[in-house]
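Written out below as structure tokens is the structure these notes cover.
For reference, chains read A, B, C, D and E in written order, and residue numbers begin at 1 within each chain.
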Amino acid sequence: MTKAEKQAEEIREISGSDPWKCMKCGKCSASCPSYDEMDIKPHQFVSYILQDNVEALAQSRSLWKCLSCFACVERCPRDVQPGRLVDAARQLVVRQRGQDYLKADEIPELLDPELPQQLLVSAFRRYRR
Amino acid sequence: MQELRKRAGELLADGTVARVLAWRAGDLPYNPEPAFFETEAELEHLVYDGFCGANLSKLMIEASKLEGKTLVCLKPCDTYSFNQLVKEHRVDREKAYIIGVGCRGKLDIEKIRRQGIRGIEAVEGAELDGPEELTIRTFSGEKKCAYRDAMLERCHVCKGKEHMAYDELLGESRDTKDAERFAEVEAIERMPAKERFAYFQKELSKCIRCNACRNACPACSCRKCVFDSTKFDSEQKANVDSFEEKMFHIIRAFHVAGRCTDCGECSRVCPQGIPLHLFNRKFIKDINTFYGEYQAGTGSDEKAPLTNYTLEDAEPSVVRERG
Amino acid sequence: MQRIGVFVCHCGSNIAATVDVKKVVELVRMEPGVVWAEDYPYMCSEAGQSRIAEAIRTQKLTGVVVCSCSPRMHEATFRKCAERSGLNPYMVEIANIREHCSWIHKNTEEATEKAVILARAAIAKVNLNTPLQAGESRVTKRALVIGGGIAGIQTALDIADAGYEVDIVEKTPSIGGRMSQLDKTFPTLDCSACILTPKMVEASANEKITLYTYSEVEKVSGFVGDFTVDIRKKARSVDMSKCTGCGVCQEKCPSRKTPNEFNRGLNTRSAIYTPFAQAIPNVPVIDREHCIKFQTGKCGVCAKVCQAGAIDYEQKDEIITRKYGAIVVATGFDMIKLDKYGEYAYEQSPDVITSLELERIMNAAGPTKGHLERMSDHRPPKNIVFIQCVGSRCADERGKSYCSKICCMYTAKHAMLIRDKYPDVNVTVFYIDVRTPGKNFDEFYRRAVEEYHVNYIKGQVGKVTPQPDGTLLVHGVDLLDNHQVKIEADMVVLAAAIEPNPDVRKIATMLTASIDTNNFLTEAHPKLRPVESPTAGIFLSGVCQGPKDIPETVSQAGAAAVKVIGLLAKDKLLTNPCTAKADVLACNGCSACANVCPYGAISYEDQEVRAPGVREIRRVAVVNSALCQGCGACTVACPSGAMDLQGFSNRQMIAEVDAICR
Amino acid sequence: MSIANESFRPKIVAFCCNWCSYAGADLAGSSRLSYPADVKIIRVPCSCRVNPMFILRAFERGADGVILCGCHPGDCHYTTGNYYTRRRMTLLFSMLDFLGVENGRTRVEWVSAAEGVKFSATMNEFVETIRALGPNVRLGDLRCRS
Amino acid sequence: MYKIEKQNLTALFRKIAEGRDLYLPVESAGQVNFAAWDEEAKVSLDTTKTVKSPKDAFFPQSETLYTCKKEGKKLEVTQEALREKGFVVFGMKACDVRGVEVLDRVFLSEPVDSYYQARREHGVLVALACKEPEESCFCTAFGIDAANPVGADAEKPAGDHTMNQTGADVAVWDIADWLYWKPLTEKGEALTESVRGLLTEAGEEEVLAEQSRIRAVLKRLPYADLSLEGWGGDATKEKFDSPLWETLYRPCLGCGTCTFVCPTCQCYDIKDYRTKDGIQRYRCWDSCMYSDFTLMSAGNNRTTQLQRFRQRFMHKLVYYPANNDGLFSCTGCGRCVEKCPSSLNIVKVIKAFAKEGGARNE
């Protein structure tokens, strides 16, 4: 397994999503509020992972433009949930840089029961740079 | 007892019945046997007391084939079996004249012996209207034993004093129930699986395959039991200390599931004292839990649980899920 | 002792690649009763079958075991082969070493071992097989069609054409079905009503066809050739023999607020109503739930105005019991509910509609008399957006996993019709794929683009947002240009997925026809027997079996009719000889078996029973082998084991168990 | 699952209804959905043909697990067969459990003709369960041990 | 005569069980039956009647005779090994000893049953006098002395050990805190020798006193006067044709309890059990009470319960004595009296006939 394949595999694993289920309908991109600011569009994100092109994703602006609003996750008819892939790619990059800012035991205090937990986690990971 | 003899005599005399099915006095104080009486003179040997535990309803299968009506004495719990046999077309209700005899619980001689009372010469107080205490004359003198303490297990969980079928009633019954019917089953259910297995292994390893349970059981009235039938490749007489015995008892209980009235004859007759009623009662408990309360032999037209269903029945996985 | 021949098939490499067939042959030779064993590349081929025939003759075989594919595939083939060679066909058993072995196991050693065990079980069974003779049962020369849509009508017409009586049971007050709701049909754009109405009239006029409208199937019993069906004829409250169909009652009815089902709730109707003008029968029904007379007891206007005196408030539901030889299911479809697709604002805005609603809007007899207008303010729309695949091809529980098949074509039709009639209206279609396999289908779609300039955008819509000004903001994406699209539409049309009519589950249960996870009825074989249900005597017509358009539905309807005709043309059917049989010597006559028999095949007789030392007359169970279908429920209910199932006897089953556990 | 059990090849008898799960197994086969070779299928016309004696017999003869597959309730080819099966097996399994037999050894699953995937998954899972339970020692007849 | 203090019994049993099997009355799940001794066994010498008789030790309820194995088309037949290990049956009662004698006459006469013979050769009978005869006992009717459980040699001259082929090998008495021990045969002497270290010499007085105590109890038992007058080998026709059977059999359920608890019933069935890779031929007790007893391809030779019921008692009281010098095939152990589910038993049969014949059994 090449490094690229391994990374793609890792993203799939972290996200728990199956990019092969994608039927390229584009509903994710149609739903995305940050679409215009992204260089790699949400639906492309899926195909990049299918092609093991994680490097490009890691370099992309999109990674940091995704708001984690999960509109794409909510609406994806094929259960591919591109938002999770974006999130996973971001996590991969953060890990590589050794930038795990949040320690696991700090998280409980930060939790607001009103907020979706995943949003919270991804937001912290992004903005506390 | 006198009354019963008198009434039976009258019915014989006026031709209502051709014979009387009751109990004949034994040669020991505790061993009356089921018997047919055809003349008034014979009736002097008729006896009815606490040792008349045998359920006579099964004998009505053969009696139904005889000419004329048979007067049969049935205790409240026997009438359930009788009804069940009628429902299964084994007994002809028209061929029976039922005297529903009163019952104050039936006695288990083993329970008396277990209290250290041996060498029994005579037992007093076993009659229907007798006192609450038995007086037992033994080789080593007179002993006392509370009637209740000598009662069969089944009487402690009695289904009630009501006769489910009768042409006339004779004698007062007393309440004997002082234990929960399913308490024993529940206690076993609470054991860990390994203990349950060990318990039944120990009990069933006593089984000698004498078939007393089967042959006494009013529900086990098959002309040819599958365990005797060469057509099922299941005939078996060996008592092997492995699964064979369990298979016999599981299948026997399964075959009578939903038909068993819980009359307790199986446990009463087992020479090895195996608590065979537990198998049947477990099925009854499960049936009640899964499919709603059901009592075989009440005389209702209700379909038996195993020949019935509802769309919402529990799935077999319920067994696994309840742990 | 049997003389058994074992024939091991290679199935080309299907079996031989994973199962060492030579070894199987070698090992089964050791089994008791086996006198002959051989292998061959294709046992089902003519050459293979002749080897079996040859061995039956030369080896005087009394039993045959074929180790091959599933018995569901070739059991009949090999049984016929045995019969031709003078061996009772029921002396043949199949060991399924393909589907249950070679195809699922990779390890040759394991697969071979399993193949031998499966063969052993079959040999053990054949050792106890007895020759069985098929009986005969009669065929009632009458068919029942459930559902009066185009599928049902066409099936009935074709069956009637062959000279057989056929009844149609239709739930609604009129036959016609979904097709009667359509305005035009693709790819010819002819008027739906114009081609359907003549068929409806024909069905009603045909003396071989009896229509039971406003009726439902209540109970089905029996089996192929001899079904007994209870049909509930719901009280119409109008005497069909007196009504002239003048329509005065509907005009005068004071209760007018009931949503009009035929127009998909886009307008209302009276409580006494016919669903549409061309309804057949043209006799109204009183919707008792909304009728003032039935609800309050006061009114009775319709009775007063009916000159024919046809109104009958006292009418009761009627149960009609009839016998049929065959039953066709043609229960059709409905659109899925869109309550889970909040992003399309279907429940928020009246201007977001489904395609079927658009059909009614475009139809001259529809709620807008055929004028294209918004349901909110009745203004003509300027921009219309069509969204494809709403709920189709969906992996989650909101929608359906399958492609609804007809949406691409009807959307092209709608787009084209709108552009034709209203050239100023902009029409945009968001699609994922445009699927147009079919004669003249792609040409039709291309015309929409090339001739009518319909704007097709590849990409799905993310959200439809109703704006304060009454427009609908459509957020989409153009995947080919890779940019987001925002369109201010006046009307949004959703190509909602179709699903089998929800009633089909109940009907399938009554018919014991199997149904798949999407509630489509299962066919006996997906390729080779597409119009038959696995349950004998039950046939499938139309969308109840899977999504299809009108021409496909009509062809399947014809195919189902042919199958029905083929069945009804027979005078007798051979019955399955694997029926239950009671051993009178062991029978207690207790009725346990009869209590569980679903066919009422068991009765009791007082018979003289004789055996050594036994001679008595007693009640014993008797199985009517024409009624018995061989399920075996009775065999387990019987405590004494007196009841046994031929072909699957207790001893055979136990022999198989023993062989497997050996 | 313990490592000790890895070499254990259980014997599993699967009674399959001809109209649904047997066809489901065929579908699993034609879809090449594998499950362990430990599973051997016996074809029955309906799940209601399966007598508790067959199941006990299998255990007695050394089976480690017995699974019974029938049509989904409501879909029985013979209308009502599987309803009886459901009651019979519920009671039988409950009794076996009462006697202290591991309740994972017996199972009823409803698998339709269209559910090849479910058939394969069910068998895989069942074999796993039996492997974890280990050999059936409580029900076997000693005379059948080799 | 020797004696051993009862508190040392476990030591005695342990010693006997060295290199041998020891069977004795053991309580399990509330019932006392003969079973193999081990350290955990709950030995119950106070039980007068074990549920099953100890005949199992020589004639097991089921035993394998031989095994056929099949490999390919090859058949291999292995006979079950004959008993080679010595064993001791401890605590048999006088009636049980007579039971063995009845079985001996069947199994050891030509053709000799080698399985039974091997067990008899390797088994040592230690018989225990009945401390507490019960109301269901009627061994005296058959000339058995429960107080002196020595078996057939009871009438033989004292000290003549060589002759004792059919009786007990050792007789023991349970008196107060002591167990008195008296070897009767060579086998008995050998066993005594192996446990000699645990025994002390004793006089006969206590035993004689105990015997007369027991005999006094036996005299006042309800069945003490039971007479077998009219029974025996000559009574075939008269008894067989009696109309009495017609009423006697009626309550009989046709179960096999009486035959299975009986020390003398010796009928068995031979059956094949299909194993994994062959067949195990075994025999197991059968009961003449069963409807499939002696079932042949042409049917049964006894088809009604009346016939089956009659057969059992005719065999015990007429046919067997006819072939065995007048010895009855009943020992009066009373197990059937206690265990019959319908309270039927051989005593009731004997009495019914006696009443008919006007004898003194009323």
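Convention: a contact is a pair of C-beta atoms (placed from the backbone, for glycine too) under 8 Å apart; a residue touches a chain by one contact, two chains touch by 3 or more.
The shown structure was predicted, so the numbers you read here are calculated from the model rather than taken from an experiment.
In a view that ignores chain C, the other chains are joined by touching into A | B, D, E.
Counted as hops between touching chains, the shortest connection from chain A to chain E is 2.
Within the contact network of the assembly, the step distance from chain A to chain B comes to 2. Among the other chains, E has the CA centre that is most remote from the centre of chain A.
Here D is the chain whose Cα centre lies closest to the centre of all protein Cα atoms.
For the criterion of most C-beta pairs in contact, the winning chain pair is C-D. Taking each chain's centre as the average of its CA atoms, chain A and chain D sit 43 Å apart.
Per-chain Cα centroids separate chain B from chain E by 31 Å. Averaged C-alpha coordinates put the centre of chain D at 47 Å from the centre of chain E. Here the spacing of chain B and chain D, counted between their Cα centres, is 36 Å. Across the assembly, chain C contributes 596, 637, 650, 654, 658, 661-662 as residues in contact with two or more other chains. Listed for chain A are no residues, as none touches two or more other chains.
In chain B, 224, 226, 232, 234, 240, 306-308 are the positions where the chain touches two or more neighbouring chains simultaneously. Only residues 70-73, 96, 98-101, 103-107, 110-111, 113-114, 117-118, 121, 508-509, 512, 514-517, 522, 534-535, 578, 596, 598-599, 629-633, 635-637, 645, 648, 650, 653-654, 656-658, 660-662 of chain C touch chain D when the two sit together in their complex. On the chain B side of its complex with chain E, the touching residues are 26-28, 31-36, 54, 59, 109, 118-121, 139, 202-203, 205-206, 208-212, 214-216, 224, 228, 235, 237-240, 265, 268-269, 271-274. Residues 72-73, 274, 276-277, 298-300, 303-304 of chain E are the ones that touch chain C when the two sit in their complex. By the touch criterion given at the top, residues 583, 585-592, 595-596, 604, 616, 619, 637, 639-642, 644, 650-651, 654-655 of chain C touch chain B in their complex. Contact residues of chain B toward chain C in the complex are 65, 88-90, 220-226, 229, 231-234, 255-256, 303-304, 306-308.
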